[in-house]
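Here it is, the structure in full.
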Amino acid sequence: MPYSHEIRVSWGDCDPARIAYTARIPAWALEAINGWWEHHFGGGWFQMEMDHNFGTPFVHMSLDFRHPITPRHRLICAVAPTRLGDTSVAWRVIGRQDGAVCFEGSFVCVFTIADQFRKAPPPRPCAPWCSSIWNPRQNSAIARAFRRMPIVRRQGIP
Amino acid sequence: MPYSHEIRVSWGDCDPARIAYTARIPAWALEAINGWWEHHFGGGWFQMEMDHNFGTPFVHMSLDFRHPITPRHRLICAVAPTRLGDTSVAWRVIGRQDGAVCFEGSFVCVFTIADQFRKAPPPRPCAPWCSSIWNPRQNSAIARAFRRMPIVRRQGIP
Amino acid sequence: MPYSHEIRVSWGDCDPARIAYTARIPAWALEAINGWWEHHFGGGWFQMEMDHNFGTPFVHMSLDFRHPITPRHRLICAVAPTRLGDTSVAWRVIGRQDGAVCFEGSFVCVFTIADQFRKAPPPRPCAPWCSSIWNPRQNSAIARAFRRMPIVRRQGIP
Amino acid sequence: MPYSHEIRVSWGDCDPARIAYTARIPAWALEAINGWWEHHFGGGWFQMEMDHNFGTPFVHMSLDFRHPITPRHRLICAVAPTRLGDTSVAWRVIGRQDGAVCFEGSFVCVFTIADQFRKAPPPRPCAPWCSSIWNPRQNSAIARAFRRMPIVRRQGIP
């Protein structure tokens, strides 16, 4: 039961072919992954970088576009982590409208120490992830662990 | 009690100053106005143009930026029409985060016949608007009238 | 000697990590492919769809992000078609700043009859492409052929 | 003779009405103002904030949309500062395609000390601006002064 992220597709997302412009789709997939973090961790990339000093920049993305996307339905993006490496995490995002698969995407991020822009193992609370991928109950354990992380706001952060 | 449109501000909306990039703000105000139509009319600009052959292109916008916007709170945009002219409609949009006013904007659109890109009076169901601005109960009457408009999809529309 | 497309990276393209936001990168790659068409064909996707009634919607994209992109240099995107199938065309885009490879991407588009949104063989002038990929002089032959295509503007097109 | 900034309007900038989506226009005006800084100062907002620790956040924008914008021509944006206050600067941006005025905009920014997000007088080299607005030769004096500013990169800046 992966996290579901709802996108409100609208007029400004569409191109003269009257369907969502291709470049909007990877942007939505990223929004959905950020939403996964917000949901499980209690804050998205902004809070991860600014308050906890870790980042997850992307090193790879691959998308297949299966069906046009229009403003006639909400776009529901299912998001799940698929692999946790020593310093990386892979994601799967599937976008559906009215039940039909519109796109499928695979993404790979690396963990970094944000203020050094340097690769690093995932922060401690991610350790149980590997198993959690097959055992969703663990996700809430991670969430609880993340939420216990002290907030150390980086200087000059709004 | 104007319509409220919720925006999920995120990492990708922020610039290196760690606040939402200015150009995102008029884009959000437009999204909120489109949301007003969706809420009251049952479809946004896409359905208005594609199924009902009327458009509302913008001829003016004016915004004051009062407070930085960050991903720490949802951005709540209050939207209300403020004036209905013979062939135009004016809007007010106020964006707030955590109770603080972040921006205020005024917008003017003209009504057009979409496939002719020609100015025209608002479609019949908008007639009672003038009064409805001061009498919100009328809004639902407009909505009902709009919903009764026959759908005449323009050719080749997804 | 592929086509080179210059992108002016700026403040609004960057995120709070002070580098270009990931979702900007596929958008730039698409801009660059559109620029290829403009350069070789004399018009981009807009003219192709609106004046010549053929489209090239994307069915796949895959990108590797090798190096952060900043506003300190122009981003130079080299674009080349890599394969012309019966109803598809594949592209390679490589983005560089100050000589360093920042991203590499592969893209697949299908040819469509625009007003029917239906797959179709590429329009006649593309036929010599296969060879042209290894023989750049042919590119200008294609360009000339494209430029001779009659303009048949679709109805109601600005 | 104001600074001219060229925008390559393309397919992805257009909406289903087959003209540039309204929200793209303030974004382009901002790009053009950033281009003004790049041209006169030798670096845009990124370099101003990151290397010289001053910012110019927007407090107001007002735009009139006069004519639809399409990918058929480059959009040429003329940019000029119109007023330099104690802690603010106003801009005028006029966008033209094929000679026709498409939009006109007024913008107001305040000067800030970037890492404190606090209003401040413009940095020293802006002082002669007031006069330079009527005396364009002064602009190059400002540019020279700006270019002499020592670069003091803020910590952790790419």
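Note that the chains take the letters A, B, C and D in the order they are written out, and that residue 1 is the start of every chain.
Criterion: a residue touches a chain if its C-beta (ideal position, glycine included) is under 8 Å from a C-beta of that chain, and two chains touch if they have at least 3 such contacts.
By chain, with names taken from UniProt: A, B, C, D = Acyl-CoA thioesterase.
As the structure is a prediction and not an experimental result, all values here were calculated from the model.
Relative to chain A, the most remote chain by averaged C-alpha coordinates is D.
A count of C-beta contacts for the chain pairs B-C and B-D puts B-D on top.
In whole angstrom, the spacing between the mean C-alpha positions of chain B and chain C is 33. Once the centre of each chain is set as its mean CA position, chain B and chain D turn out to be 27 Å apart. The multi-chain contact residues of chain C, meaning those touching 2 or more other chains, are 11-12, 14, 16, 18, 22-23, 27, 30, 46, 49-50, 68, 117, 156, 158. The touching residues of chain D, counted against chain A in their complex, run 11-12, 14-16, 18, 21-23, 115-117, 156, 158.
By the touch criterion stated above, chain C contacts chain A in their complex at residues 16-17, 22-23, 26-27, 30, 46, 49-50, 55, 57-65, 68, 114, 117.
Touching chain D in their complex are the following residues of chain C: 8, 10-12, 14, 18-19, 27, 30-31, 34-35, 44-47, 49-50, 68, 70-72, 156-158.
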